[in-house]
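Next, two complexes with chain A in common: one pairs it with chain B, the other with chain C.
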Partner chain A sequence: MSRGVARRSLRAALAVVAFLFIFAPVSSLVIWSFTRRWFWPHPFPQEWGLFYWKQVLQGDLFRALHSGFLIAVVVTVLTLVLTVPLAYLLARYPIPAKPLILMVFLLPHAFPQLPVFVNSTTLLYRVNLGGKFWGVVLIHMVGALVYAVWTMTAVFKSIPESLEEAAWNLGASHLKSFFSVALPLATPGLIASTLLVFLYSLDEFTGTLLVGSPFVLTLPVYMYRTSVGYELQVASIAALILMLPGILLLVLLERFLKAEYLSMFGRL
Partner chain B sequence: MRRSARLASLAIAAPPLAIVVWLFFLPFLSSAHLSFQREGEWSLRNYYLVWRLYKLDVLYTLGISLVSLMLVVGIAILLCGYLRIVGYRPVEFLFKIPLFVPFVVVGHGMRVLLAPRGTLNSALAQAGLIDLNDPPSIAFTWAGIVVSLVWKNLALAVLLVLGAYRAVDETYLEAARNVGASAFRQIRDILLPMAAPSLVVASAFMFTSMLASFSIPLMIGSGEAPQMLMVDVFYRINYQNDLGTANALGIVSYLLAMGVAGYYLRTITVKS
Partner chain C sequence: MEVRVEGLTKRYGRVSALDAVGITFPSGALTAILGPSGCGKTTLLRSVAGFVPVDAGRILFGKDDVTQLTPQARGTAMVFQNYALWPHMTVFDNVAYGLRLRRVPERDIRARVEKVLDLVEIGQLEGVLGRKPAALSGGQQQRVAVARALVVEPRVLLMDEPLSNLDAKVRQRLRVEVRRLQKAVGITAIYVTHDQEEALAIADTVVLMNAGRVVQVGAPPEIYFRPASAFAAEFLGVSNQLRGTADPGALAIGGQRLPYAGPVRGPAIVVFKASDATLGPTGPPAAAPEGGAVLRGTLEERLFLGAVYRHYVRIEGETVMVDAPEPAEPGPVAVRVPPAKLQVYAAPAG
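Presenting the complex of A and B:
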């Protein structure tokens, strides 16, 4: 009997500690975003309200959200177009220099990004893309391509080749078997990979800060600036908006996303 | 392969390769080149400056990463053991949330929570645990960086370690239970040894990512020396416009990352 009590209290303690640990930073954001005025050392804000939400959605935050979203869409579409055929090729055909190609797409994961991107920024300024929309798109694509090539190659590898061989035997061309056999079967994996790329671009901070400043503003950079400038309400609202797509994804897709994809999302 | 097929595959592979080579490999190589350049001439002065100004920062970065990693791995081993043996879905779900919270948001959330006038101190003062006239601060210290890195990485560790624990066959655990092994013994003697290879891989990855963390220490670090290496690189560029020293610091960070990768490869090859 007492063992049962001990067991149940351990369980309850675990739930409480885990809940507090995970939600402490998140709830602070929520409190600050609805704060109108909060004079120290009062335990709670003196005035609550939607004041800053209203103010923020008409100002710079909306512009940052808009341009960040646009960049993420462009990055996702371009990455998808470039990566799907390459991933299929890498998964199926003995193309020349395959290990070298795979290595090119692996190494960016192994090294710190910031010192590399410092020099990438110089290169982009040299071709007049620094501080421009397309410069930011390109720097996002470096990371996006790396994620996409690895996840999508794995997706195509998981589809049995025999299915396509059957199509070839029945007289279908390679192009036809790709579009009517491989691509439909790969769609769920490709969707997960696309969401990963979209979220990567939406959340990207380092490259945008270096390449985009001061002209291209996305939500993470905007949030960083307001937070460091102690506009805590504004920064907290930006942070909550930034969290929204990821949390939606988690709630809607938790059961469908395999652990390997979830772990990829954890690296963003 | 036929010639036309070769050409087609070249056309498919070239554009994405070109982007990664142009904006990652060339800049990576130019780090090495620029780190030996000072006022247009070859020189070792950048490395001398790194040694003189930043040797503490290197140790600080390694120390913070190591402490965070120990905490993450230690908690994950026990927590996942509980989740594997007893099972608790809601808690498992809770630990997936940080996976989807971007690093910058973690940085700001922790700043608001842990600052001297943050929500944590406010709550503790309500409970009468601290004096608000002299509030302690966790943010803007090394502990703030550690807490934030642990918060973000614990989710990844739980995901990977739990996956490895789940791959351990239930019959081993049943056999241990039959001879009276406690939950702790089941973790220590069965789950942990069998999950060790995955744990090494996850640790190596997390350690490199902690070494290279930028937005979290930028937002929650002290702003005074010593700093995390990535913040040093950024300040060197932004405030001193000193590309040479920044790149020498970059090279040091690559070497640290390679050291971790080397250790990880050796462990893997020794195991197999």
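Presenting the complex of A and C:
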């Protein structure tokens, strides 16, 4: 009896802690976004209002949102166009140095992000892509490819080869069997992969700031600029808006990223 | 369509999966390729289908040399061990796939799909055309897989252990049906299995393989009653093997001697089936029936298998099995084997 009570109160305490960890920072964002004036040492703002929401919704935020989404869409499409065939080949054929190829995509993540991006920036400025839309797309793809290649390879690996052999056996070309058998069966994984890449691009900050400044503006960069300028209200609103697609996509991701794909990672 | 392979060789690194294999699969007959796992039987089937490029040799369909053709161009149809039905398509789409590739008009497709599903006796199943494979039992899935293969009227039907994922009862029923279907369609069929009982029951001809080579080819009774080697005898039945030495006129097993008039000399392997031997009380060797073998041993254990009792008898340090309808009591016994049922082979070198 007492053990049951102890266990239940422990669980309740953990829930409270978890709740605080997750929602306390968010709640301060919500409070800040509706604040007009808030000076130390008052526990709550002296003046509330929609002033900053109005200001933000009329200002640069939409430009940032728009270009951020556009970049994310382009990055996602390009990454998948590159990745799907590559992952299929890696999964199906005895390609020499396969672990090496898979490692190469991981390399940008193996080193500290800042030096990697600083070097990339100087390189991109040399080829006249610094501060340009396509420069940011490129730097996002460097980071995003690893997610797509690894997931898609695992996804194609999880489809038994005999399913495609059955199609060839009946006369289907490799292209036909790919589009009628392999790709439809890989669709849940493809969706998961799309979401991962899209989210990565949408949230990417360091590379975007270094490569894209001052002309390419995405939501994380916009947020950074406003918070550096001590416009905490504006930064809070940007953060809240940036969180929405993330939460939405993660809920979708959880539905499409099957456990068996994740288990395939170990066998690549 | 007669299928012939000549000198077929396939190596994986140093291992020969196929070592100069030559077999003729008669037109319209069902030929079973039988052997233990790793003997090369699946490699042989997959090379006929075109999935495995061979290192040497030829594959002929009738007069056509198909050795260099892609799987798509060979006109075989394969039934896979795991059925390989496409889980995202309905039964109808699965079976119609090959017909659509051949640009058969859609209304003919429907008629042909329904006809072939009737042939495999699954057409009557409620709403079967619209079901996904996952909504069918294993046996039903394999029927659909056979229908998918047959509907394109292939030149050769290839079956790779098609029943081994099914439970024993379904397996035995489908065995009968595969044979009925093959006879009804009159197609040349190659059937790979590791189950000797299945091979003997289903095939017109059995090809026994071991270590990448053909060991014996023959009709099922021939293979069963006249195995050509100790391996064949061992693989084809619940068999006993005893090591001995063959001399002119006598066969020595441990300290016991049997009359022997065969051609083998030197180290020998004596093989007899558990069902061919009988148990009796120990007595003088003179009690042997018409020159058959009598071996003295000790009955150590007995299992009731339903139809028979299986007795484990220790003879000269080796254990043999004897199946008998009546149980015998543990202790000294004599194992009698009729002369025609006792096979003697030269022991392989080493």
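Please note the rule applied: the second predicted complex is superposed on the first by the 243 of 268 C-alpha atoms of A that agree within 3 Å, B and C clash if a C-alpha of one lies under 4 Å from a C-alpha of the other, contacts with A are read in each partner's own complex, and residues count from 1 in each chain.
Heads up, the rule we're going with is that contacts are C-beta pairs under 8 Å (C-beta built on N, C-alpha and C of every residue); 3 or more make two chains touch, one makes a residue touch a chain.
Treat the numbers as computed from the prediction; the structure is a model and nothing was measured.
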| item | value |
| --- | --- |
| Which superposed partner A:Phe178 touches (first chain B, second chain C, both, neither) | neither |
| First (chain B), second (chain C), both or neither touched by A:Tyr222 | neither |
| First, second, both or neither for A:Ser162, with chain B first and chain C second | second |
| Chain B or chain C, by number of chain A residues touched | B |
| Which superposed partner A:Trp150 touches (first chain B, second chain C, both, neither) | neither |
| First, second, both or neither for A:Tyr52, with chain B first and chain C second | neither |
| A:Leu89 touches, of chain B and chain C: first, second, both or neither? | first |
| Which superposed partner A:Leu170 touches (first chain B, second chain C, both, neither) | second |
| Chain B versus chain C as contact partner of A:Phe198, first or second or both or neither | neither |
| Which of chain B and chain C A:Ser120 touches, first, second, both or neither | first |
| Complex contacts: residues of chain A adjacent to chain B | 11, 14-15, 18-19, 21-22, 24-29, 31-32, 40-41, 43-44, 82-83, 85-86, 89, 93-96, 101, 104-105, 107-108, 110-120, 122-124, 138-139, 141-142, 145-146, 149, 199, 203, 205-206, 220, 223-224, 227-228, 232, 235-236, 239, 242-243, 246-247, 249-250, 254, 259, 262-263, 265-268 |
| Touch list for chain A against partner chain C, complex | 160, 162-163, 165-173, 176, 180-181, 184-185 |
| Chain B - residues contacting chain A, complex | 1, 5-6, 9, 12-13, 15-17, 19-28, 30-31, 34, 82, 86, 88, 90-91, 93-113, 117-120, 122-123, 125-126, 132-133, 151-152, 155-156, 159-160, 163, 208-209, 211-212, 214-215, 218-219, 229-230, 233-234, 237, 243, 246-247, 249-251, 253-254, 257-258, 261 |
| Residue numbers on chain C that touch chain A, as the complex places them | 49, 51, 70-72, 76-78, 80-82, 84-88, 97-98, 101-102, 148, 152 |
